[in-house]
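Order of writing sets the chain letters: A, B and C. Residues in each chain are counted from 1.
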């Protein structure tokens, strides 16, 4: 199964105002791995993640999902296999009700109605949010919003889950539930977070990003014990 | 300064709806190739921003009162005229639906007054020209204030004209204009100042949002003036025609149906109706003995008066001068009838409500 | 500042009402849109001085509200809050039109007063109809109905997004205002300059949010059109309802119902 490999080669990217966010980041993630992505504010985590499903296209280097390079022409294909959970669920829950929001992705894939319905039901069940189906997003708590946003991504049945700060803004109990939920997924997972404890629980492997480059890449246990490395990278 | 449904005639409202809907359709066409850009999302979110910002009051200098932002100019600066017009249309719809501000028939008028002028006229012809490519803060402020003031003057004048052509308010043109224009000059200047304060902040932080051409690719030249002129002319002409037609005739719709049927109301039908009434009246009248003679003759429908039936020609003795064809609103029977109808409706409402409750409790 | 909170509560309340399940709510949104349009036209086109003839038309909003289980109080309050402009302009009519056109018993009535009353009645009816439409159809229903009636795609998409993000941004706005109020001693609204930076922050955040929403939509396959998620069904009941409404509006508009009924009651000769 070479299909779910996520590979970045010498990624470079600068924002229009001239800030260089990525300066040659490279890594390779195999099928079924859970990888934590850590780094100080401004290290380039979010920018890197946005490259993984083509929301940003690199100025130099390339991203491959399986055998497919991420380019303008392959966007639809890439976005079907890479599910992206954004940091603020409000950005992701743009439809009037939770049910309609979860259905948004499958409906865009031109699936038949029964199939859309089946996926909505299954993904809401998977995150334990069946009862939220008819609710508008503004009537949800932080944890419920997060669950709904994840359901929306699951409904597209992606191979790879990319998550940006999934535990931010959650109270301790919601956070525990989320970690339990994510641990149960068999997808390839890439989790960017400041929440090192969550990374420790979820991800055997961690990539440390510093000033747009990969500063360290290896087993989580050793790395999060390396005080000097963490200090140097602002963690 | 939302135009209200209560003051707008169907002719004016319809003409302005046609103009605004045409502009919206045209704007949406222009945006079609940008649907996968961030433009539509920005329209939605920035429209919501205007909404949120409108609810944040600020103190108007030198007065005790507070004002808020109308937003058309700001949206045009941030989104370009087409997207801004659509966003204003949505904002006004929300206000009409949720807050009964304006109204559904007047929505066309409001979109024109508060959307068309700032987005398609003031922004390209005043603001962009004055600001140039390398504005300083003073220039930005001046341009925003001038544009805000001109935009609201045009909008307020639109309200005056629409009210005048609708013929529902009796305010003479001059008086109404004298009331509206100075007030809206003040409001417009404040709007400009507020927009300027906002722009100044954004200009410092993210100049490319204020002037996309300053950093990014040059904005496409817009060839919209011919379309605009056509729309404006269309709106004015149809509005004018409709209202003339509506105001010179006692009632435009009845007149037009008279034109097609040859008569105001089928007379046979009316005769039968009246005979039936006369029969029933004997035992339904619950205010017998009260002399309503003058007021009931007074109260013949317009149709009868216009058709020259003898009943209508009989004038009540106490008001010597002949007065215009008078109808239900002026007659006692009309007023009593209206009151009865309202009472009936209230009962219907109550009945439906109770039934609904019973169903709810039962099921 | 209570204004934001109040407005949000208002929106939320109407929205909750729209989520009910009654025969009125089950009607196709397009039918309700068209019926409301017909209603507004009937009200706006009725002759100014025949204000009593507006009374029968009140049946439409009243029946819809009652059958749709929408509290009249809520609509009444919204109407009061929105009335100033119509009242302000209308109140000049009695000053300019002093011609006596009728006598109600001992009372001499001028054309100006009649048209003023008529303006008030028109306002209550049309604005009431708009609120009724919303409370029985819901914002999203209105949006999808408009879309199916041919409104441009860009307009409908942004119409829906606007509504969704009003809640998010108004919440941010309320927080900013609270933070300002806590640090300003006077408790008065912000000066223009302070407002500029307060709203400016909000604006920048809103702009970034717009870009993120865009990215989130693209990530889930957005190709420029919102998928039609609520299938609308125009059934026979819908056609019957619309036909009945339009027929009633025509009858009320041209039938002089109040006049004729009143004559029955007071016993005048036809």
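Here, contacts are C-beta pairs under 8 Å (C-beta built on N, C-alpha and C of every residue); 3 or more make two chains touch, one makes a residue touch a chain.
Quick caveat: nothing in here was measured; it's all calculated off a predicted structure.
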item	value
Centroid comparison with subunit C (C-alpha atoms), farthest chain	A
Nearest-to-centre chain - CA centroid comparison	C
Rounded Å distance between subunit B and subunit C, as computed from the means of their C-alpha atoms	13
Distance between chain centroids, defined by C-alpha means - subunit A, subunit B (Å)	48
Geometric centre distance via CA averages, subunit C-subunit A, whole Å	42
Junction residues of subunit A - those touching two or more other chains	94
Overlap residues in subunit C, where contacts from two or more other chains coincide	139, 160-161, 163-165, 168, 209, 213, 217-218, 222-223
Multi-partner residues of subunit B (at least 2 other chains)	41
Touching residues on subunit A, where the partner in the complex is subunit C	50, 53, 55, 75-76, 79-80, 83-84, 86, 88, 90-97, 100, 103-105, 107-109, 134, 136-138, 152-153, 156
Subunit C - residues contacting subunit A, complex	12, 15, 19, 139-140, 160-161, 163-165, 167-168, 209, 212-213, 215-223, 227, 229-230
